[in-house]
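In the part that follows, the structures are each spelled out as structure tokens.
You will see two complexes here that share chain A, one where it goes with chain B and one where it goes with chain C.
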Partner chain A sequence: MELVFQLLITTLQISAVYILFSLGLTLIFGVMQIVNFAHGHYFAISALVVVYLMPWLVEAGFPASAAYILSGLIGIAAAVLVGLATYQFGFRHFQRDMVGSFILSVGFVLLFDGLFLESFGGASRSVPSIVEGTVSVFGAAITGQRLLLCFAAILTAFALYLVLMKSKLGSALRAVSIDQEAAMLQGVPYNKIAFSGFLLAAGLAGIAGALIAPVSIVTPAIGADYIVKGFIAVIIGGLGSIPGAVIGALFVAFVEAFGGYYYGASTATLAIFFLVIAFLLFKPKGLFGNG
Partner chain B sequence: MKNLTNNKMQLLSNLTFSCLLTLGVAAGAVADESSKPIKVGLSVPMSGAAALWGQGADWMCKKASEEIRDSGGVVVDGTTYNYECITYDNKYNAAEGAKVARALLQREGVEFIGGSLGTAPVRALQSLSERMGVLIFTTAWGDQIKGPDYPLTFTQMNTPHEILEPLISYVSEAHPEAESVAILNPNDATGQQTEAVSTKAWGKVGLEVVSSDFYERGTTEYQPIALRLARHDPDVIDLGATPPAEAGAIFKELDVIGWDGVKLVEVGTGADGLTAIGGDSVEGVYMGAAVAFNGPSVTDHQKRVNEEAREDLGESLNTVQIGFYDSLFALKAAMEKSQSIEPKKVAEALPSVTFQSFYGNTARFGGEETYGSPQQMMLPVIVTRIEQGELVELGRINPTE
Partner chain C sequence: MANYQIPSWVIFSIFAVLASQYFSGSHSASILNSIAIAALLAGSLRFVMLIGELNFAIAAFVGIGAYSAGVATTMLDISFFLAILTSGVAASLISMVFGSITLRSGGPYFLLIGFAFTEAMRIVYSKTDVLGQTSGMVGIFPPIEFDDWLSLFVIIICLGLLFLMYVIEKSQFGTIFKSIRDNSDVTRTVGINVLYWKVVCFAIASFCAGIAGALQAFVNNVISPGDFGYLLAVFALAYVKVGGESSIAGSILGAIFLVVLSEFALALGAGEHIFYGAAIVIAVLFMREGIVGLVSSTISWITKTRASKEERV
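After this line comes the complex of A and B, so read on.
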């Protein structure tokens, strides 16, 4: 029983990052009907800023927690800036163009791969955990830092849900994702909403990157490592669906945790890909999607 | 009158220019004669997760070529040559490796590959290089990579065959109470090769292999891997060919779930990534392919070069990267012995030369018993361990051949 709890805790830990990552992906698709492979680089720039800036701030005399919060905020700002640049100089010209945006995003991926490597180098980095220690939940171990990550993922998903359901921006985002023309006829300024949605998604990726920095291996390639799982979660959950992104992330994490333990990591990875192929064949819109 | 003067001035100016041009060409020709370049190609990952290895390889190749140039170059038949490193990104996969092979061999006309990283791209390179008569050095570990069927392929660093038995013997003697081992490797040619050799080596020293698993490179979450490794409560966990940073992440997760035992990263190449990610959980980790630059046996040259590399790359040098330095000195020795820059003649001379390795010893080629022909650079196996956060050299096991 203890083993099952440990695996469930592992599932929750893993899904926390995937949830944060895939929320932004699905939001971009929902609003702009585009697939953005460069999303991983918004995540990466935030994590890279944290691992470079935090040690420098600590050396300058800041307490670790303050250094982490400050570097995290700057990391998120960097992610939003990069998102802004890619939108202004690229994606806004390819709205609702899946093929064009796909090619554009691959181009951005290659550009950012080179830029990040030149700027940050290839060495692996991490930062110390802000919350030390390990907590036991029904005999299952989870670090304090990972627990924080789980809470942050739940809070962020809930906050996004509130924004989408209760705010004017959220209503507009939902309207354009359902029917762009009808929304525009109702007076929804599509370009402005698409811009806001894109920046919100980049911000979500930035939050994910800042939170993952203390618990992961941060290199310029970190975005590429997560983007595949993020897309799988979004495809399973349904492109454009927030609850779908959460369920998809949980599903991927479940297969990774239980499959990885009982059958080995390589088998679990294969299983995830087989599952996504099955979804694409038999339920291409995913569990909750409208894509 | 004025026109005549102008015409004379124009003529004088043209003549002066022509003389200067001729002198310049002649000077260039003379310069070419005094030092000719030999292109040395590198097929290494310059992007992605293994980019640091590739960047370091490129750096060391250039370092070696600079040192060779400063010491008078390579003298063959009265002509002095200097090496020019040309690096292409193979992205650590076969498809890009094939493109890089064509670019280096067909477009650049390279006849010597100073180093190639990654078994998959190396195999793609070999399919062209042996046919085209190009001599290649490689860090790839596959048994089938070299031998009598591949007379132009040489390995530039220790492989599992050279590292694992001496290292595992050392560790089992240091921990005689250990009875069981769990093994993990990346799921690619490198990992599979390492696993095959390590399973036998552990068996030879009497430990039971309770599990042997593979994982995909680029894995983001290591908790399930750690849980599976620890499920039989092994005395030793051997992470094989796992890269240092990923090994650090796995040991960190093992620490969270309470496993404590003998830790080994057989072909771990460096402590920086391991300690940066693993923190206190990597205390006591043994490695067989890392180099400690703080011990009493380290030379000033090694320290100086390592410091320069750390400034540029952000990490200390490792055995993978050092191979790209040694290969150029090996080439120099073979070219000067054979008095030829023809790849086949140089390849014939390589097994009989000795050269000054970066490790401070005089190195040569061997491995005929294992591979069928002496195409393996024979280098010391350096046993290191993380002690109080620092990489410490415990001993060097010199090649027996």
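After this line comes the complex of A and C, so read on.
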């Protein structure tokens, strides 16, 4: 029983990060029909900034929590900035062109891969701990740090869900993703909405990166692992669907946590892949996909 | 009778064969081999683009071809030619199963699952004992009498398969493929089984990808899971886009251009990733029709200015 709880908490924790990731992907796809592989690099830049900046700030005399929050904010800003640059110089011209935008994003992926490796080096890094001690939840031990970050990720995911469902920007984004022309006829300023949607998604990836940095080993290649699983989550849920992205992320995290514990990490990854293939046999466009 | 532009193909082939004889040093021979295999990969990727799909599973099928050649040669003692053929057939058969599931939805689903398939196959190679796990397979040699002729052989096979894809593209089948790309619903209404033809196109392309994998295995003698990651597909995409997507000549030109240029770039110490990344971004943003588009627009510009000059006279 204890073990099951432990694994469920792991699931929750991994899925919170995947949700932030896949919501961003599905948002960009829904609004702009862009399959953006560079999304993983918005995530990576934020995580990298945190692992490089935070130890430096701690050495300069900041308390650990203040150093983390400060470097996290800078990391998120960096992610938004990179997102802004790729949008302005590239994706802006490739809206609603799936193949073209994908090819461009792959170009960005290679470029950033190389640049990150040049500027950050290949070594993996981790940060000093922010919160000490462990907490026991239903008999399952979990470090305070993980619990706090898990909580923050769930809170962000929930806040985002509220924004998408309740706010004016959220309804505009959803309207555009359902039918762009009808939305424009209703007075939705498409270009402005697409721009804000893109930055929002990049910011989400940045938040996910800042949250994952203290609980995992960060290398310049960290984005690649997450992007594949984020996209698998989106495929399961159906591209462009918001509830689908959440369910897909929960599913991927569940298989990863339980399968990974019992059969090893790479078997779990294989299992996720073959389950998705089997799933597509019955639902070729995912759970809620229509496009 | 379709116009197959036989003269251009013959001239280019003679040129390629002469090049293989002239550049017989081991380093330049290996560059020629890389170019030939790269062109075949680009041709295969572009062939699936005819039905409007981006095939990122190509890296997986190259890997399947290479490992089939490795198993056939080092364990089963199957002869050289048969081993190459087996690789193509193996890749093609697996692609039929994979394609008949994933091509039903196509578009981004096909693209992303193809990407995941590549990663999954890499895990399979590195977890299988007989395939040498993460260290891969060694000692995949062509027969000794091929030592001096391997480069020529690779070039002939690659050009032959590229020509085959070209002929299919020009034939009725090519018309079906392009009509699926332009509007699959209309294609369906005239009684064409869209999924069937999509899978046929995909299987032909994967056959070529499998052969390319086998050739790569025989050229390098060594294969490992790291050789068949998604980067392979990205490079193939770079050849297609930089050369120009509109014709198969673009794929070949793109392969020649980027492989040669990357030789120089790497010698100067620039990272491979940055080089190919920049090449793709520049090609996509600033020359949408690639090198072929650049050449043809220059030619039409020259003829136009010449014509207007003549008018003035």
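Basically, the second predicted complex is superposed on the first by the 287 of 291 C-alpha atoms of A that agree within 3 Å, B and C clash if a C-alpha of one lies under 4 Å from a C-alpha of the other, contacts with A are read in each partner's own complex, and residues count from 1 in each chain.
Here is the rule we go by: contacts are C-beta pairs under 8 Å (C-beta built on N, C-alpha and C of every residue); 3 or more make two chains touch, one makes a residue touch a chain.
All values reported here derive from a predicted model rather than from experimental measurement.
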item	value
Fit or clash - chain C, chain B, common chain A	clash
Which superposed partner A:Val276 touches (first chain B, second chain C, both, neither)	second
Contacts of A:Ala78 with chain B and chain C, given as first, second, both or neither	neither
First (chain B), second (chain C), both or neither touched by A:Ala268	first
Touching partner for A:Ala257 - first (chain B), second (chain C), both, neither	first
First (chain B), second (chain C), both or neither touched by A:Pro128	first
Touched partner set for A:Gly114, first chain B, second chain C, both or neither	both
Partner chain in contact with A:Thr143 - chain B first, chain C second, else both or neither	first
Chain B versus chain C as contact partner of A:Tyr226, first or second or both or neither	first
Intersection of chain A interface sets (partners chain B, chain C)	113-114, 117, 266, 269
Residues of chain A touching chain C in the complex	29, 35, 89-90, 93, 98-100, 102-104, 106-115, 117-118, 228, 231-232, 234-235, 239, 266-267, 269-270, 273-274, 276-277, 280-281, 284-286, 289
Chain A partner contacts - residues on chain B that touch it in the complex	46-49, 51-52, 55, 187, 213-216, 218-221, 223-225, 227-228, 231, 244-246, 248-249, 256-258, 272-273, 276-277, 279, 313-315
Contact footprint of chain A on chain C as seen in their complex	49, 52, 54, 98, 101-102, 104-105, 107-109, 111-113, 115-117, 119-120, 123-124, 126-127, 231, 234, 237-238, 241, 271-281, 284-285
Contact set on chain A toward chain B in their complex	6-7, 10, 13-14, 17, 113-114, 117, 121-126, 128, 134, 141-143, 216-217, 219-221, 224-226, 229, 253, 256-261, 264-266, 268-269
